[in-house]
Amino acid sequence: MNFTSDNITPVCEPILAAIQAANADTAPSYGGDALTQRLERRFSELFEREVAAFPVATGTAANALALSQLAQGFGGIYCHETAHIVTDECGAPEFFTGGAKLIGLPAPDGRIQARQIADGIAFATEMGVHHVKPAAVSLTQATEWGTVYPLAQLAEIAAAAHAAGLPVHMDGARFANALVHLGCSPAEATWKQGIDVLSFGATKNGALCAEAVVFFDPSAAADFARRRKRTGHLWSKMRFISAQLLAYLEDDLWLRNARHANAMALTLAKGLAALPGVRVLQPVEANEVFVALPESRVAKLEKQGFGFYRWPLCAVRDATPIRLVTSWATPESAVEGLLAAARSVD
Amino acid sequence: MNFTSDNITPVCEPILAAIQAANADTAPSYGGDALTQRLERRFSELFEREVAAFPVATGTAANALALSQLAQGFGGIYCHETAHIVTDECGAPEFFTGGAKLIGLPAPDGRIQARQIADGIAFATEMGVHHVKPAAVSLTQATEWGTVYPLAQLAEIAAAAHAAGLPVHMDGARFANALVHLGCSPAEATWKQGIDVLSFGATKNGALCAEAVVFFDPSAAADFARRRKRTGHLWSKMRFISAQLLAYLEDDLWLRNARHANAMALTLAKGLAALPGVRVLQPVEANEVFVALPESRVAKLEKQGFGFYRWPLCAVRDATPIRLVTSWATPESAVEGLLAAARSVD
Amino acid sequence: MNFTSDNITPVCEPILAAIQAANADTAPSYGGDALTQRLERRFSELFEREVAAFPVATGTAANALALSQLAQGFGGIYCHETAHIVTDECGAPEFFTGGAKLIGLPAPDGRIQARQIADGIAFATEMGVHHVKPAAVSLTQATEWGTVYPLAQLAEIAAAAHAAGLPVHMDGARFANALVHLGCSPAEATWKQGIDVLSFGATKNGALCAEAVVFFDPSAAADFARRRKRTGHLWSKMRFISAQLLAYLEDDLWLRNARHANAMALTLAKGLAALPGVRVLQPVEANEVFVALPESRVAKLEKQGFGFYRWPLCAVRDATPIRLVTSWATPESAVEGLLAAARSVD
Amino acid sequence: MNFTSDNITPVCEPILAAIQAANADTAPSYGGDALTQRLERRFSELFEREVAAFPVATGTAANALALSQLAQGFGGIYCHETAHIVTDECGAPEFFTGGAKLIGLPAPDGRIQARQIADGIAFATEMGVHHVKPAAVSLTQATEWGTVYPLAQLAEIAAAAHAAGLPVHMDGARFANALVHLGCSPAEATWKQGIDVLSFGATKNGALCAEAVVFFDPSAAADFARRRKRTGHLWSKMRFISAQLLAYLEDDLWLRNARHANAMALTLAKGLAALPGVRVLQPVEANEVFVALPESRVAKLEKQGFGFYRWPLCAVRDATPIRLVTSWATPESAVEGLLAAARSVD
């Protein structure tokens, strides 16, 4: 009964079956294979416009590669101050861009605001050549705080960015979770609001190792293939990532998985919120629950073997903040188990 | 009947089965899982000393990461002038090292010589601060020309490098093919001759996506885990690379695969050498055959659908040089097919 | 009557004379000359221990080069959130280090605290390989807010850094101004408190283009000469920087210059503080004055041709914050002129 | 009597006087001053078209910055195999470009050929994404071997480069020496043959520390100001580089200096060529003489205190190759002195 993360999960059966099926024979290497060709078309259908999509194996690679296409080494990238790209990628964005600066903006619920972008750009403009050049905006959907940007807020951010010539990147490690919350189409959730590049995540939601960098304007992807190669992220047997992504999108597998994960999170949050002395710290709109419990309760849950992280980034007094993450593979019984245990301890 | 490369092959069955088996349940992410732990021990057994081994998904990642541990941005790396790291990795070593210079040395059979290392270091020493600092040696085993360094030559190169304080990296994308040719132990083929770091390849020899960077002195691997992370090469579901490598080493699968590939190459070379007007251009010691045929024969083979690359880097007059690559998956019938066709065309 | 910055000044006469004197004859290039040799000894005398000192032409070069010696690309550098290295060097530290992250810490008076360093390191340690590795601390003396760290605070910061193995860099673009405020020896102001590397500035305080990176432990400067070369900061005619620095240190020129600049700032601050509606925003301990005036007064001063910057980084309500900078070349009459004008406008 | 290099010279008097004259008063920093503004216009006049010119202090900075504008990290730069950027800049071009590969082409007289560029591009095109992307051509005028490209050869190289979309950079550390040899206008020597960017050198020919990166199409210089800043090469007191360059161009000082240097080299070469057993190894078209002497003669000259470098890069049998460099400051008496000594030793 482990709620530490959605990356501890196994691979979803249809995806593993697709890997097996892709193994039939020899195939052209480095993405010249039929599955990869089909995947590019599939992404274009999915997003209702011609896109350029580049499969890679990890989310950090997807984000850092995407940003390296948008920002040069003397550029500034506006993002949330605790974005995954800031705190959890060991400097990959800085490295891939040749030294761009991630300019972290505060926002208690993980959702940056258009006004913050505009202010940052105004400051940089005044500073001139001494400051990094505003280069891009990156936002996370669903956010690191389990919240989801409403479409209007995405559109406002994109408008503020585009007004200054900055493209907008979306870290979609949990894109499916956000999408089912929003209840709109992939196109509406992205380029129709002004998103230019998407890190389309699948690993956390059932794949073995599959993400894709999706450019909604293929002409903005010039030389991206070389970026992927020179960072060691071009697979010789590429078909085995492409097969995963095709299976992921087949029969709405990705949406079904995400719906389950989100539902489990909501059940968890509701159950916990009903307990005395427990505060749910963020709106639960995806598959993460941030909640503050009395320290004694937290300690007892840990002792009983429940897996989750304490989350001191939530500055909470007189209680212990923790993070619980659900996934496509979280059984209802696990949620019930944790709730039962939380109720019984006191 | 495709001899273009050994990376067009499918995944060897036992390796695919191991991936499936690894999928049973949740597991700690980022290499905290049991399979990855076991793999590190397995590598230490294999090499008969405690090693630090870091699984990654691609050979370019393995090479570039390894070199980034050895050379800083103002360093020089001595290697063959047509090494994979020079011509086929789109500048990954330069990028990962922060700008180190690959100093390409000529050698007709792909095997650089100790004397060339010593000369290069002497030149750099004379140039002082204006020149890059000699930082490392990288050699490929088996080489890009299908030859294999004898153990004595490895020892000489390592001695020349170590005399100036330079560590030695071995690009072992086809390490298994070299090993079965040498007929010695993995330890004898590497650190016993002075190799410090090995890119241990498995993808070309049957894996889906599995390589490992092996440091024979674990203390030389400080911070390497962060290098892997910040280049996007740390998998959350790491167990699925580790499982491949464990299966690869199980029951000598890797050696059996390599033996087959090498045998097919030799059969091919012998059969072609017997034809009039055909010259085998390099000793066939691994799974690659470089051979010059009359242009008319080459054109006919292409027309009949045989897959291989013309190889203009071999400067041959009055004939057309081509490269044929065999693999663990090359059926004897394919070799016979090509030989029969080569005989019948004239 | 220009108070915009201390870098608009001409070159102090003795320094220009030294450049002229250095021009007598040919001299070995790249620092092999007698003046550069003498300078290294002079720095060792000045700091009362053997140091390694590397002259360069700009402060940004000094800072970025120094940090590149301390932090690798996956490192984190703790500093003030509005440090010059963060906001005014267009990403030079990120570039020179290969992507290290500057972790900006808030502190209203520009002086970071030991506790903040310790907290940052603790967070990074918990995050492990996903986060950048704590690598160095950088502080500015005098700070960007015109304040000066007391010796005890420097010692505390260094202790917190060293406890985790982090070296401490001091950006001393205005080191002389800080030193005369502290009234101690250069040794006491630096390594005796635990400073490991100093960007020793002279350009703002009278030189044409002269700074030096000073390592208090020469063994920590390995390969630094190559870093300077490969960033284009090794001069062929190095003697012309060295001559500046020798003249700067001769007969306490640097201290006399700094004393004058500081005195002018204090006079300015006192005169302004006496006016109604004026608030001095920071302790005036060096040669910068941050002060809030009624907007009408600011506008009138601007109209009368006084040069200074509005400083919106100071969040002040109902008044306009400005920055006034004095220098070795600020005549008393200029200070009186500004004060008279400030008094007369209303 | 030192012929080791043209960078051991002092500063030419008119240039030092200009520095002094620039010191009159305060001036806007970072290039906002009147001299820098005037210099940009002066360069445009000189080259008979509007150019964008960026003063910097060193030749390595000029070259590396220029190349970083032309090539990204996954790019290839075609140049001579012993170009200064390859052997004498400690990896600065690789560093500033983020890892671009310098592809060294052989040419015994230092002058690469259009055909070599075309061949290199063809190879890269065939290799596709695995190889670096052809990005730029860099040639040195005058070359490192004391020869000068004829205008027609420049035009051919530029045509081959432009045909594939590659811009052409000229390392003009000794541009003046080449220009007086060619006897044409600066425009004819550069953009009229297709040169896109010039490292305009002055330090070797009389300046203290003054070079400029000149873009013949100002629109190709976008963001270059930030590149200069973030590498620490934007001076606060910029006027002191600009003053040097203005004086350098005044009254043809630069051409007079270069003519003298070239004449001294020619006298030296002719005098040496007349001696038995002496071979001049390269055409003497600028201010460098490569000559092979009997080892006994070389040793005796060294013993008598003459300064020059042995030059083993010239592979000469049965004699010792040396390099002699003259400059604007080489007195005729020094040349006569060396010739007399060379004659008398035997």
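Should a chain be cited, it is by its letter among A, B, C and D, assigned in written order, with residues numbered from 1 in that chain.
In the analysis below, contacts are C-beta pairs under 8 Å (C-beta built on N, C-alpha and C of every residue); 3 or more make two chains touch, one makes a residue touch a chain.
Treat the numbers as computed from the prediction; the structure is a model and nothing was measured.
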Worksheet item: More C-beta contacts across C-D or across B-C?
Response: C-D
Discussion item. If I average the CA coordinates per chain, which chain comes out farthest from chain C?
Written reply: B
Response to the item:
Taking each chain's centre as the mean of its CA atoms, chain C sits from chain D at a distance in Å of 35
Response to the item:
So, in whole Å, the Cα centroid of chain B is separated from that of chain D by 41
Worksheet entry | Mean-CA-position distance for chain C and chain B (Å) | 50
Response to the item:
Listed in rising order, chain C residues that touch 2 or more other chains are 30, 73-74, 89-91, 95, 98-99, 129-130, 132-133, 226, 229-230, 234
Discussion item. Under the stated contact criterion, what part of chain D meets chain C in this complex?
Written reply: 2, 5, 7-11, 16, 19-20, 23-30, 56-62, 64-65, 89-92, 95-96, 203-204, 208-209, 226, 229-237, 240, 329
Discussion item. Looking at the complex, which residues from chain C come into contact with chain A?
Written reply: 73-75, 87-91, 94-95, 97-102, 123, 127, 129-133, 312
Practice prompt. Can you check the complex and tell me which residues of chain D touch chain A?
Written response: 30, 72-74, 98-99, 129-130, 132-133, 223, 225-227, 229-230, 234
